[in-house]
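Presented sequentially are two complexes of chain A, the first with chain B as partner and the second with chain C.
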Partner chain A sequence: MSAALDRRALELLPSGERLAAHDAAVWALRAKRDAAGRAEPDFERLREQARRIKAHSLDHLDVLLERFESRAQAAGARVHFAEDAADLQRIVLELLRAKGARRVVKSKSMLTEECGLNPHLERHGLEVVDTDLGERIVQLGDEPPSHIIMPAIHRTRGDIGALFERELGSAPGDTDPGRLTAAARRDLRARFLAADAAITGANFAVADTGTLVVVTNEGNADLGMSLAKLHIACLGIEKVIPGLGDLAVFLRLLARSATGQAISAYTSLVTGPRPGGELHVVLVDNGRTKLLADPRHRSALSCIRCGACLNTCPVFRRAGGHAYGWAVPGPIGAVLAPALTESDELRALPFASTLCGSCTAVCPVKIDLHDQLVAWRASDSPRSAGSRSLGRLASLVFASPLAYRLAGRAVRALWPLLRGAPPARAWLAARELPEHPGASFRARFRARGSQQ
Partner chain B sequence: MSARDSILARARGAVTRSVTPPESFEPAHRRADFASFAIQLAAAGGEGVGPIGAAELNTRVTELCRGLAPSPRVLASDAALLRLGTGPWSPIPSGADPHSLADVAVAILCGSLAVAENGAIGLDGREARPRALPVLCERLVLLVDVSALVPDMHAALARLPDGALAHHHFTFVAGPSKTADIEGELVLGAHGPRGLTVIGIEG
Partner chain C sequence: MDVALFIPCYVDQLAPQVGLATVSLLERLGCKVRFDPRQTCCGQPFVTTGARGEAERLARRHAHLFAGGDPIVCPSASCVATVRHRYADLIGERDARALAARTFELGEFIARVLNRSDVGARFPHRVALLESCHGLRELDLGWPSERTSRAPRTGITESLLRAVDGLTLCDVERRDECCGFGGAFSVDHPELSARIGVAKLAALAASGAEFVTGTDVSCLLHLDGLRRRSGAGPKPLHLAEILASPEGA
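Right after this comes the complex of A and B.
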């Protein structure tokens, strides 16, 4: 792991009660997911079906995109394509300006987080209000989301009470989730009613019918897009699936994998604009066609952003989402970031894993997450010349029993010096080693044998 | 080359078209009765009433409305009015600006599908009402014929009413608006309805 990532992780790591609360809240989601999976006799077969639908869809992505485009346009939507984050920012800003929109309400979209859309629009004088409660909390606190479905999971009710007291005028000392939610609801209701435009993501795009599928529990996407005249939906090109039959499979898996619900509270199928309204769909590449061309890692594009791999990951549960330094944290973030960004620092993320395989075991579309982490390590590790020669030395040592024994003796003798040297010191900053027993395993084994 | 053409060209260059689609999914058999539906709806924070006979409907919905705050604003869609007759509700003002509906206490609408596996009701966007009404109101009451029950989402999406997707929103609603964004604690009424009642109608 890169030194910069190590440092940031240490700074952002929750500790004490905060760590326990984060771990418990995230693990509770995993437990609910397990219960929902066990209660649904079709669950395991649905996962395999979903994997196969996505594999087929990705292998025909160009055809599906064209079909979606023509069907959505036939229904009255305007479809735009964006090469990258800058392209998305430009297109959305132009659409808003063309309509003279000033006040924008937004529902959750990991893509727009990935592409930095909010800060761009704000720099150009637009008011952008995140309306998902968790996203509103982190927006008011001026920090990024830390989880893809629970953006404020790293915050305690005490944090949120203090934030709302300052920002929304909630009662001093009030930490009751019900009353805090009511305070946010009052503030956001007025903003929904005043909005000129709504920006949403989309969970799926159905090619056969030109339909966008937008899923929320709060109903915030539905409020936004049914009140404002202008609706702009931003989604990655990998979200397109063939037909409504395929959609059924994903809708049965998504909420069960995310929160253990049988389905989320609102699932809206949006085909064309409402009467008197305008619907724009922006399909964003931002590195996805590059990933599509990489057979080893292509299946990472199958992700439906349920968050199950985050909730089960021993590293995520203890480190929290901010430590990853990218819009999508957790195992899926660690396999997407090296592909979708140019950041050398993020290329180190695949090393921040225990490779326990729990992520792969819960993924609703069966992405081989831990194997992909290993593949990224092998193909793309940011190794220095020093660590490469160390690697070569190690392979010589492990190849010869004599060299191994001699090296062991040398390390035992020099250990007090070695553990203070910079590479070992950095590694030990966040880890503990047991006390050294003073002799090699072989020596101790022999000694035991002679006693018996 | 436009962004569209270059993205499609790169996608075309990346795919092999060697992956075949899976056979269509065969779900396990499941009952599609109102009782199973109501159990799932309760798990989603809503309440299922019935199934009741059409003759009983007016009385039951009147009781439901009287149990709420004094003289609340109750609106019913034309389709719901046809089934309800007269009572403590009024029709949705025609051509109403959705912004004028922010104070609606109860909205009574008709559902076109009910999904037993998850307690969801399908709301057809072609019903004559502002699209925002079911998320603006404080409490949502949905009337649904038990003949509209389907076992699962496969059946629901296969049986969307003809034309339900053309130029419209079709929404599956399962329970009231909800959030668990503060320490994972469930709160009903995040933005939209704080309560949802589905009344199943027989015969």
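Right after this comes the complex of A and C.
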């Protein structure tokens, strides 16, 4: 039913070297996260604290949003609310046009990926340059990010060398990370200096102080918003937390969970615009209020987008992020997709999991990810009618010991023919049929009893 | 001790030898084993495919058949995890809690209820442990490698294997990474399931093990299907088969 996922996985990561490289690169992030978590004696306590702060923040989101709005405005920012993706696109375009902006530098924001902001601005004649190195790589390659913190992790050094040679004029055959980074940097530096506006995301919004918190490792967001006169920050409404004390908890968790760093290289707190500049904050709903009203799934809004659940996920590592078909891949993407997207294909993502539970175990805010995947499967899952009727038939068989025994006997008698039966066919594409099991346990147990 | 056997449908039908090994092991440990042939399926495949109505009916049926006071012992971690973690949603908190408190995975029953680690088994082979995810994370039978709290300790399944005479436990790279089976996942996403399984099989083969063992027949069948296709990798044996060996001891 979700064959598209497997097909795209094959396209992006064909078996062999490319698959192994992706798996190893992503697994390395998990290993770093494990080590960082163990090195921090408070790690488990912080996770529990973070869970509680997020639960509290979601419970009082209305109050916190109003507080953030008034404090941010008092500090000189303008706050806008966008109901959906189209609303965000419209607001940002109007803000840019009002200032006559043509060239925009952008730092990483999964929300703007979710809302398709770049293509919208480009359609209206604006030049949008992604300034995060990974984002820049996928932008030059004309593809979406494949990981929420490592956008180009599916690309090898060789890919990037060839891409930069073509797009940035780096030396032919050069795959040295240092020199390639320098080439990107030279290109980006000129664009930063020429930019009319900077668009950033935000990792947190602090209600008490009206502060935006932007976390990066490259300083690109900081440079962008310090140079341009117009700064537009786009974030989901769920990013609001009460105070700076709460922020301290998340900052100790975020980088450790994401990359295994104690803290990221740059953590900027932005309260109000730079002198002589303008700061606009766009708070986006895009399905979040609806999710907030769903008690079983609302905790998914606690996500701080660290990527730890992607890194540990055996499916993500073998599929690659593009296979999921939308901005947020991996376990958290599969949990959010049914709430935030519309298509049947995306709403079937909760089935793209082995339910191994490792995602739940690493989540820094303790979202019960794999349990939520199970719950989504039972809510209006778009599973095919064929598998539903097969399920009903099976449940009737299981409801009657006699039918069950007869079915078991039939399967045994028809064993070699199983190869052609629909569910077995998928299974047997890569596997051999097990050896014929002989008589069932119950038959043997009965026979054993009568011998004694 | 009287014990009610809970033999999952796929063990009954596809791996009857695991059921028999469970019986002989429990009897060797002094248990009186009862098997109610009306039992069929606990409902796990319906829970994981979102067929809630069917899951609920089978869960009620299972709870009804296993009413009574005896401990319920099952050689499948994922089925025990279904009873323990999914039944509350299906048959109500109170009934589910009472049933869950009496339902044990085989190794767990031996270690936590019978308080045994050495079951008198002898198995002079190199063995790798496949820590099936449900047993590992939902039944706490081992120590998940991503866990950051406190110092790791040896899990129940591993302790039982370490006590087996002659058995050498092999170290496996990424020891507790999922094998890629995932029930419906292996049918819905056959390519990805096979990719994960092939990697697992390679790690198991590299460990030098002759056999791979675990608490879930389903994961072992999945790996065995891949092994028989590729021709390489350790042979699967359920934990019960190793702990019961040598047969008739």
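Operating definition for what follows: the second predicted complex is superposed on the first by the 392 of 452 C-alpha atoms of A that agree within 3 Å, B and C clash if a C-alpha of one lies under 4 Å from a C-alpha of the other, contacts with A are read in each partner's own complex, and residues count from 1 in each chain.
Convention: a residue touches a chain if its C-beta (ideal position, glycine included) is under 8 Å from a C-beta of that chain, and two chains touch if they have at least 3 such contacts.
Small disclaimer: the values here were computed from a predicted structure and weren't measured.
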(request) Could you say whether A:T211 touches chain B, chain C, both of them, or neither, answering first, second, both or neither? (result) first
(message) Taking the superposition on A as described, I'd like to know which of chain B and chain C A:A319 touches: first, second, both or neither.
(response) second
(message) For A:D87 in the superposed arrangement: first (chain B), second (chain C), both or neither?
(response) first
(request) Using the superposition on chain A described above, determine whether A:L292 touches chain B (first), chain C (second), both, or neither. (result) first
(request) State whether A:I263 touches chain B only (first), chain C only (second), both chains, or neither. (result) first
(message) I'd like to know which partner A:A98 touches here: chain B for first, chain C for second, both or neither.
(response) neither
(request) State whether A:G408 touches chain B only (first), chain C only (second), both chains, or neither. (result) second
(request) Check chain A for residues that touch chain B in one structure and chain C in the other, and list them. (result) 40
(message) Under the definition above, what is the set of chain A residues touching chain B in their complex?
(response) 21, 25, 28-29, 40-42, 45-46, 49, 52-53, 55-56, 58-62, 65-66, 75-76, 81-83, 87, 131-134, 137, 150-153, 155-157, 160, 177-178, 180-182, 185, 188-189, 192-193, 209, 211, 217-220, 222-223, 226-227, 237, 242, 244-245, 247-249, 251-252, 259, 261-275, 283, 285, 289-290, 292-293
(request) Please name which positions on chain C make contact with chain A in the complex. (result) 7, 9, 11-16, 18-20, 23, 35, 37-41, 45-52, 54-55, 57-58, 61, 85-86, 133-134, 136-138, 144-149, 174, 177-178, 180-199, 221-222, 224-226, 228-229
(request) Report the residues of chain B in contact with chain A in the complex, numbered from low to high. (result) 2-4, 6-8, 10-22, 24-25, 27-28, 40, 43-45, 98-99, 102, 115, 117-120, 125, 130-132, 134-136, 152-154, 156-158, 160, 165-185, 187, 189-193
(request) Write out the stretch or stretches of chain A touching chain C in their complex. (result) 1-2, 5-6, 9-10, 15, 19, 23, 27, 30, 33-34, 37-38, 40, 43-44, 312, 314-315, 318-319, 351-358, 360-362, 371, 374, 376-379, 381, 383, 387-388, 391-392, 394-395, 397-399, 401, 404, 408, 411, 423, 426-434, 437-446, 448
